[in-house]
Every structure is written in C-alpha cells, then in structure tokens.
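Before I ask anything, here is the structure I am working with.
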Amino acid sequence: MKIAVLTGGGDCPGLNAVIRGVVRKGVQEYGFECVGLRDGWLGALRDKVTPLGVADVRGILTRGGTVLGSSRTNPFSHEDGVGRIRETLDAHGVDALVVIGGEDTLGAATELSHQGINLVGVPKTIDNDVAGTDYTFGFDTAVTIATEAVDRLHTTAESHMRTMVVEVMGRHSGWIALHAGVAGGANVILVPERPFDIDQVCGWVRDRFRIESAPVVVVAEGAVPLEGQMVLKDRSHDEYGHVRLSGIGEWLTREIEKRTGTEARTTVLGHVQRGGTPSAFDRWLATRFGLHAADAVAEGDFGTMVALRGTEITRVPLDSTRGRTKVVDPSLYEEFAVFYG
Amino acid sequence: MKIAVLTGGGDCPGLNAVIRGVVRKGVQEYGFECVGLRDGWLGALRDKVTPLGVADVRGILTRGGTVLGSSRTNPFSHEDGVGRIRETLDAHGVDALVVIGGEDTLGAATELSHQGINLVGVPKTIDNDVAGTDYTFGFDTAVTIATEAVDRLHTTAESHMRTMVVEVMGRHSGWIALHAGVAGGANVILVPERPFDIDQVCGWVRDRFRIESAPVVVVAEGAVPLEGQMVLKDRSHDEYGHVRLSGIGEWLTREIEKRTGTEARTTVLGHVQRGGTPSAFDRWLATRFGLHAADAVAEGDFGTMVALRGTEITRVPLDSTRGRTKVVDPSLYEEFAVFYG
Amino acid sequence: MKIAVLTGGGDCPGLNAVIRGVVRKGVQEYGFECVGLRDGWLGALRDKVTPLGVADVRGILTRGGTVLGSSRTNPFSHEDGVGRIRETLDAHGVDALVVIGGEDTLGAATELSHQGINLVGVPKTIDNDVAGTDYTFGFDTAVTIATEAVDRLHTTAESHMRTMVVEVMGRHSGWIALHAGVAGGANVILVPERPFDIDQVCGWVRDRFRIESAPVVVVAEGAVPLEGQMVLKDRSHDEYGHVRLSGIGEWLTREIEKRTGTEARTTVLGHVQRGGTPSAFDRWLATRFGLHAADAVAEGDFGTMVALRGTEITRVPLDSTRGRTKVVDPSLYEEFAVFYG
Amino acid sequence: MKIAVLTGGGDCPGLNAVIRGVVRKGVQEYGFECVGLRDGWLGALRDKVTPLGVADVRGILTRGGTVLGSSRTNPFSHEDGVGRIRETLDAHGVDALVVIGGEDTLGAATELSHQGINLVGVPKTIDNDVAGTDYTFGFDTAVTIATEAVDRLHTTAESHMRTMVVEVMGRHSGWIALHAGVAGGANVILVPERPFDIDQVCGWVRDRFRIESAPVVVVAEGAVPLEGQMVLKDRSHDEYGHVRLSGIGEWLTREIEKRTGTEARTTVLGHVQRGGTPSAFDRWLATRFGLHAADAVAEGDFGTMVALRGTEITRVPLDSTRGRTKVVDPSLYEEFAVFYG
C-alpha cells in the first residue's frame, strides 16, 4: 500500500511530529510506502511529490513548522481540482491520503472523501477550535508562549502602574486567550464568543489600580465590543462577514487610556505563537495522532478524523466536524469570573 | 462558613494555584472565611492555623511549591490523630476542609471523611497516578522539564556516540517516563508497569548505533528488569514491598557498557522535576480544581474529589479512588513500539 | 549612614537584583540604613519614601520590574526640582543616593551631582547603549527573548516560504538587533547606526529564496532606509529630531512584498523584551553592580557610575558618560557580513 | 587554501556555531576549501575526513553538540601520533587546522604547533577555566541551566523546610557554581578553589532556617572540605592527583543532616548542563570565535588562540595559555559574602 501525507493551512508546532508518526508506524508496522505532497493541496494539484521514508523523518519531532511545506490553496477553487488531485494520486499509485490541517483543509478533505478519495484527517490548529476533538496539537505550545508573555508583562505593568494589553491569536474562538489569561493571572480576558462591554473593562481596570496593582488584559484578536461602542471608522468586515477591527488590542489600549485617564500599552504577540519547537504535550498528542492515522489507513477506515477524547485517541466521521467551529462555552468563561477585575 | 485548606505530601507545581482558586472563589463568590493549615496534616494535629484571605493569595499563581508548607505526616499514625484534628477544626470554627494531596494524603482524607469530617479532596501528584482523574496537576510541568532534559541529552549522545540514560520520577507508575520519552524521541522507555529485558534493551542500543545514531534511554526510577537479571546485591525492597534498585539508571548504564562494549552515561533528574513555576497547562488545571473544590464545599458535596474528565471538571467519591494507583496500560506502552530501538 | 535608592526610566530585568545588592551589602557590611524613593525622581520630588531593609529585598532577585516603581519624570523639568529633592533627602536624613537608570535618569543624576548631591549611578537599559560600560543589565535578557522569537519565526518562514520581519527594541542603537540577529541566524539585520538600502535588503531576500530557504529579517525599531527611499507620508521626526517611521517593521514588510512579489509578515516584539525574570547573566551583572554601588557609597566615591570592563566592575565619572550614546561600530556590523543574505 | 576543522573533548553548546563561523567566513570571504576531521584528534590520526561546505553548516547554529563528533583522544599517547596527523593533512592537502577544544585538546594543539603544524585554537569548555579569555562559549548555557535548576529547587526547599544541595559541573574551577549560585540566590556556594569548612556550612544552614527560610546549597563537583573533615573512606584521588569525593553533593547532604538534625536532599545536575541549544550569548561568542579563527588562518597567524577580552575578540599565543587553569579569584568569591548564610 502506498500513502501520501500533506499538511495544509497555517503552520503549527507538531506538524512534523504527526508526519513522523504516520511514516514510522506506516512503514515499520504496516509496510506502507510513504510519499509527501508538497505545500498542502498545491502539491496534489501540481504533482509535487516527494519521497518520505523513515530516514526522512529522523530528527524532525522537535522541529516546528512542516518539512512538507504548506499553503492555503483550496482544491475546489481550482478548475477541475478534484480531477487533478486524482491524476496525481494515480500517477504515483497512491492508495490513500493522510490530510493534516484545520477547518479549511479538512473541509476540502471531507468533500474529496465524498467523491471517493480514500483519506484520513488529522485536526490541526493552534486555535483549538476544530469540533470533535478535546484538543488540537499546537494549541498547548501557543498557550505556553502566550502565558510566558503575560508573565513578563505583569512586571512591566506593576513597575509603571499602567495597563498592559496583550493581543493573542484567535479569530473565531477565544481558547488561547482564555487559557493564557487564566494561566497568566490576567485581570481581563476578552474572547470573540462574548462581545465585551468597554465600560465594564474600564471598571475592571480601575478596580485593579485601586488595590495598588496594575492590570493585564488578554484579548483574542477576534474579540469585539458591544454593538455601538465602536465608531464606524474603527471597524470593517472580514471574509466571513464578522465584524473585524484592525487591531483590537490597539483599540482597547486607546479606549482604556481615554476613558480611565491612565496609561496603557499594547503588545501583539503574532507569529511567535505558532512557530518553534512544540511543547511536550503537543509532541505527545501529535505523535499519537500520527500513529493512529496510520492505523486508520491500515484498517481502511476512511472519511474519518483522529481525535482526542479524554486520554484516548478515537476517530470521528469527517462529516460530523464540518462547518462546526468549537467555541468557548459561556459557562466556561464565567467559571473564571472571580478573577476578572 | 469557614473552610480550611491544607497541602500534603511532596511539593508539586500548581499547589499554590489550587489554594488561590479555592480562596478567590470561596471568599468572593460564596463569602467563606478561609484559613490555611500549615505543613499538611501536621498543622491540623498541632493547631498551626494561618489566615488565608484574598490578599494572601495574590501573586502566588506562578510560584512553585506551597505557601502553606507541606509534610508527609499521617494523622492515623499519631495517637488520637482524628481527635486532635477535630479539636483544631472546632477551636477555629472550621466547617469544612479542602485537602490537596496525593495517594497518602487523600487516603487519610477518605478515612477522616468516613469519620464525619466534611472535606473535599484535590488530587495532586507529579506522577499522575491518582485514579479517577485523567491528569493531576504538576505532571505536565514534570514532563516538560524531563522532555527538555531529553532534548539536551540527544546532542551529547550524538557528539560522543554514547548512550545517555536519564532516570525520571515514577516509583509505581511510568507516566513521566512514557510522556517524556515519547515527547523527547527516546529510543528506549522503561516503566515500572512492565519489567524490562536487559537483553532487549541492549539490542535496541545496538540497533541505534548501527544507523550511526546514539541512543537515549528514559527510565522511571521504579522500573525493574526481569526476574533473574539482577544479582542479589543490586536489589532491595522498598516500604511497599516492591523490588527496588538503588539507582536503576546507574545499574542500566553499567549493564549497557558491560554487555555492548560501548560508552554510556547516567543523568538522574531528581527534584528539579517537582519544583518551580507550573506550566500553563498545570496552572489552568490547578486553578480549575481550586474553583471547583470551592463549589463542592458550597454545595456540601463532601467526601468527594474533584477530577478531570476530558475537558470537564467532575467529582468522584474519594472512596472510589482509594488504594487504586493509576498505572500505564500495556496497550498504551505498546502504542509507541515503533520508536523503541 | 543613610542611603536612598531609586529606579528611573523604563523597567528592565535586573533592577530588583541591583536594589537587593545595594541593600544587602549596605546594611550587612557597612551598617547603612536604606530607604527607597518611589517611582524614580518622582519619589524624590514628592517625598514618597519607603523603608528598604534586608527583609524587603528577600525573594526579589528573580523578579522582573522594580519593587520601587519607576517613572520618566525629569527633576529639571519641575520647578525647583533640585530644591525639592534636597528637601526630601534632608527630611529623611539621607546622606547619599544610588540612582539606577538609563541615559535620561543618569543625565539628571550627573547634574544633581554637580549641584552637590552625593550619589552613585548604576547604568540600566535593555538597549545596551550607555557609554562607559561593556554591557548594561537587562540587555542579555532582551537578546535572549528576541533570539527565541527569531528561532520560532524561522520555522514559520520555511513552512510558508515567506519572509518574516521581526522588529526589536533599539531606538538609537542596534545592539539588540545585532546580537539577536546573529544568535538567531537572521539573514538580514538592520540597525539605526547604518541607514539601509531597501534594494539591497530585497536582494538578500531573493538570494535566500533562491536556495530554497526563507529569510528572517531582524530590524531595530530605530532603523531607517537611505534618504529618498521612503515617501514623505511614511516618516516623521521623533523628539530627538531623528527620522522616525511609525512601524519600520510594517514598512519593510510592505516594501519586500511589493518589490519582490513574495509574501512577508511582521512581528513586533514590543514589551515582552523588557519584562519578566532576568537571565542568569543579568542577575549576575545586576547583583555585582548593586554590591559595588554600595562600596562606592561607603568609600564616598560620589559622582561616579559603576561599570563593567571585561570581567571587572569598575567606576567611571558620571560626566564621562553624559550625552554619549554607545552605538554599534560599523566594523562590528561588517564582521557578520557573510551571514547577510 | 584548504583548512580542516576539528572539535575535541567533551561536547559543549556552541561548537556547531564555531564550525559554521569558520566555514562561512573561510569559504565566502577567503575562498578556502574546508573539511572536517571526525571525532577530534581521532579523525586526524585515522584519516576520517569529511567535506564541510556552506550547505553542510546550514541550520547547525542552534544545535547543541558537534556535527563533527568528538573524542578525548590525545595524539601524543598514540605511537607516532604527530607523523600520522601530518600524513592525514598531507594526503588531503590541508594547509591549516582550526582546533576547537579545552585544556587537553589545546595542549596537544600547542605541541603540534611547535612541531610545525599550522593551526589556530578556539577555547571551549563549559567550565570557563581556559586562561587567556574572559569567557569560553558553552559556559553561559551551563550557567543558565544550572540557574533554572536553582530557581526550581528554592520552592521545594521552602515547601518542605529542608536544605536542597545541587551539585554542578566544575572539577577544577568553580565558575559555574559561583555564577549559578549568585544568579539563583543560593545561600551557600562551594568551589574547588577554596576548601570549605563543613561547620561553617552547617552554621549557614542553621541561620537560614532561623529566619523561617530554607537553604539552597550550590556545590561544584570538585569542591572539597577542609583537611580532616572527611574520613578516609569517603575520598580518593583523581587522575590529576587531586582529592576527589565520589559525589561531594551526597556527602554534603549526609553531613548537613547528621550535624544539623534537619532534612536535606541532593540533586546532581550532570550532563544536562552541557547539551542542547546554546544560549544567545554563547551563539554570539561562538560565532565570533569562528569568524575570527578564519581571519587568523587567512593572515597566517598560527600558533594562536582566539580569545574574548571585554567586547573584543583578540588573539593570544597558545603557549601563553598552556597549563594555566583559570580559577575563581578569592576576592571574587568574597564579593558575594553577604549572601552566604
């Protein structure tokens, strides 16, 4: 049996660990031949195929990014994308695909699976918002980096008695913000799932100064204030039709300064959250995902995605995860209410 | 309502995060008055009680260890231990206890609960071997530190073409060894749950040298070789009656050198695994445990232990966890068989 | 003898280590009484004085920021600033000051010293641009954090075959950029001391892509392109009259994309570079600065600044450092020319 | 011109950065052809020569260990070692050697230089005890790792009110112990340069407990107690004829427990101090050493060693460093006396 592996979407710590897991188990246990498709779906469309043996995955466990390259290419926005993918797979005698990616990549995988391509999905996103799995790999690394940043910003906040606003990743979900905010002891945590009241935020900020301490605010990039609290020129709409601010962190900082008359500063963490060596947790999870994806292929259990449930790796139908962003439940957000302010 | 908090057994990153969670939720949400008992059960026996308000838990989230101190004191090995604990609680008007500890501390808690003391348990052990919960806090930090060590030892191994043996914590379970070994890309992982064959280990070592690479061996302190592979003078019995080697890491290193004729070195990680600031994951988990323990007290749901199941915090009867060490399942150990050697 | 300590300017890892060093040596060895002035020169102007004993500095060695608070207040821009400072010192019977700060704070200290106030300076700036000392504390921590970021961004760059631009601190000097760029293996390093040619930068970017690799660009916030390469609307002048771009990182990213037709992304590291626990090197240096500042006070060697020369702590006249920003020498920048591109 | 590079002695973070620096500057600036000798002097004796081009050193900057391998082989303990080295160099047309190593490796280099072999030395040792240079690369990484360990052990010490003894590297010099001890806020620091009085150590331990705190003791592996404080069976002599204890850390722990009646625990850091990715400082220093070694070769300045003096890289005659271990000066040790106890 011959299998191909591809990684799609934004890079994420742990991608290489998955690839290594698939190849080691596939080759050593099941006798598969493995190849890689370069740059996500692009490699499948343009016949960019590379050998992927046990020697090729040696030493990649600890490396961030993906040795296969990635892209945001969607096969369905290319003419006869499906046909071209089929051609590539046929030309190389590939029997099955292992597709490692987030919502968009797995969405395309689901569609291709419906059209008869044998594949198994592996959920990847530092945002942790893929439905059907307790956690995605890359998330723990992102939270770890964001938490270290929050730790560092506390001392700056205290020394200057100013508010430090830190904007973390999370366009549609607030998992990173909530986890890093709780782990870092932030005083305000703002998530996309729950439009925030800027007056309440400023109240929390004032509360903090009142006890001779200085606030740290963690805000997900996709968080938005209540309707009416932004003036029009501040906002726009993103490709999903959601209200988007260019730089919610900056906006918050300006509003806090204006409304409370105290100093505030912004830090936008950006890409450092998604690069570099994966955390121990992410290497463990990604490795297991890779091993189990090889199992699923060996069993012919296609159209599925490997997933974490508790401490077990399970499989769920790709269909069941489609179009369902996993968001932060209001009750979970409220669990930490005693820390706000 | 007045509650007392105590931390027992070995120290563990996240203890302070639990204490803070209990106090913040207890005081701010439920209006509890909180006190701390110093040095585990010792404080309950000797009336060492300390106030524990919101101000006292400020800034402790990120600190390792426990601000309440700890000890391995067992109330049942003191004359009239239960009576003396009751006296202390009565003298201070304490209505309920939050007991944060591992197997021994929670075992005593279970017994005290049977004798009518209102208490809620919080599972703590870096070893991750408390039954009833997916993970304990402190474990992720220990795995993170052990994984960093394995990362570092790989380059030493390769530069000198020698085997590096690293002994990690885990007397009765191999969770740290397995997680850090998998996350660190170790070539041999040895756990207490599965007596190892020194010949097989040496075979794996030779395999590794054959591909011009150098092996890293992760061994839990409680791992033992197959019957008959140790000479008598190497072994003894610990307080639980298990076979114990003083320094399984050293033993392994000597055997590998003797049997394969290649160089090997030992590193014993020791206490660095249990000290210092908790990882982001452990701060999240410990904080939630603390918040939920306060909830359990508020609801009068005594004789229970908070526990992690998937992404949810639940409660389990303390009785149900008693005397049940959670060990590494053979099938989980075998999951990583392709990496051994 | 009674001495007062103050910390001025932006916060910096190691400030607390200096304070601790001054107090421990001052009290234990010389029998000084110590007090702290709150919030830099502000505390001296407004009589905000706080006791500072050995117990007060316990445990602060590892903490970022400053337990004394800081501000950018300049005593000479307040009416009768010198007189008010004198009053505060007299009111508390303070015989001498230890002033920990950067160019501005030490500039004021120099002037006050001329006016007869007994003081010793300690150079502080994460930018490393105070003349007279090999290094300032805080710098190594900033470089360490920036280097970790560069490490992380490499894998993102490679996975997406895009340029990653990282903007680091350094308004007037490129020390952080040069050190972190060299340590992180950056392909382009841009410093304020040497206006860059955007065409050359784009050439280096193209060279990198040509060998199937992806460039990482480290740019100091104060770096500027050659005259004429910016359109007017992009630039402004800062308070020192230097040309300033709001966001040189963003500008570079846009220009690289426009001129090379390849993807690029910006990360602005910001405040995380100056917060948090100091590196081992900075704790060592800051502690020694503190100890030696106490010695200088004990010897009555006022109007001086402690400084690092090789491995020795020496003293230099405050006058000799005034108005002299220590910049990156062109020959040092050229030393790394083989790595550019 | 053709040059060969070799790395000898124990591995050390930064070796690869030196190799990369030599090759990049050598090839790109001077047009040298470069080769590597495998496994230190062994490769020179046994003709193990490997090509070393710009592509071979790509990506190695951040990796610990040495891509050339290392050994402790001494050419002068092999029959006609010099002749065989000459043969190897002649066979490959090698004009000059860059020798990266510690005391032993550079000692052999000095001798070979006297016998007419063209070579330039680069000082390497995590112990920092090579004479003629302010610092060696690898030292800062070792200190960083040891300091993190001390940080972690403080919280364990406090939680259990016990002494934590941490044994760090340093057989003949106490640089790591002193730097990590000062940076980590240790209460006792013991170095080989100054035999310690176990009674004084126990006094310091008691002082610490008296203020309700718990001591951390940092001890270099080569530290020894005053004459007469060890019983004979505890000690032996090492290959240099120095008194050696097998495990001074363990010995100290036992003595502290016995003499003070309080609990103590040992941690032996071991090999984790010398593996893994180099610190930013070490990457900077090692890279500069590599670049300057290439310069020295280009200028034909043989028989020299590159060295750090302040912020400058200089050269010193190899002869001048021979047999001179750089030790901790008593006055430097005394500088920190206020922290002991």
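Letters A, B, C and D mark the chains as written, and numbering starts fresh at 1 in each.
Going forward, a contact is a pair of C-beta atoms (placed from the backbone, for glycine too) under 8 Å apart; a residue touches a chain by one contact, two chains touch by 3 or more.
This structure is a prediction, so every number in the text was calculated from the model and none was measured.
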{"item": "Centre-to-centre distance between chain D and chain C (centres being mean Cα positions), rounded to whole Å", "value": "30"}
{"item": "Computed distance of Cα centres, chain D from chain A, in Å", "value": "41"}
{"item": "Numbers and ranges of chain A residues touching at least 2 other chains", "value": "151"}
{"item": "Graph class of chain-chain contacts, one of line, ring, star, complete, other", "value": "ring"}
{"item": "Pairs of chains, among all present, that meet the touch criterion", "value": "A-B, A-C, B-D, C-D"}
{"item": "In the complex with chain C, residue positions of chain A that touch it", "value": "7, 10-11, 13, 15, 39, 63-66, 69-71, 145, 148-149, 151-156, 158-161, 164, 265-272, 274-276"}
{"item": "Touching residues on chain C, where the partner in the complex is chain D", "value": "24-25, 28-29, 58, 61-62, 134-135, 140, 143-144, 146-147, 151, 179-180, 182-185, 213, 277, 279-281, 283-284, 287-288, 291, 309-311, 335-339"}
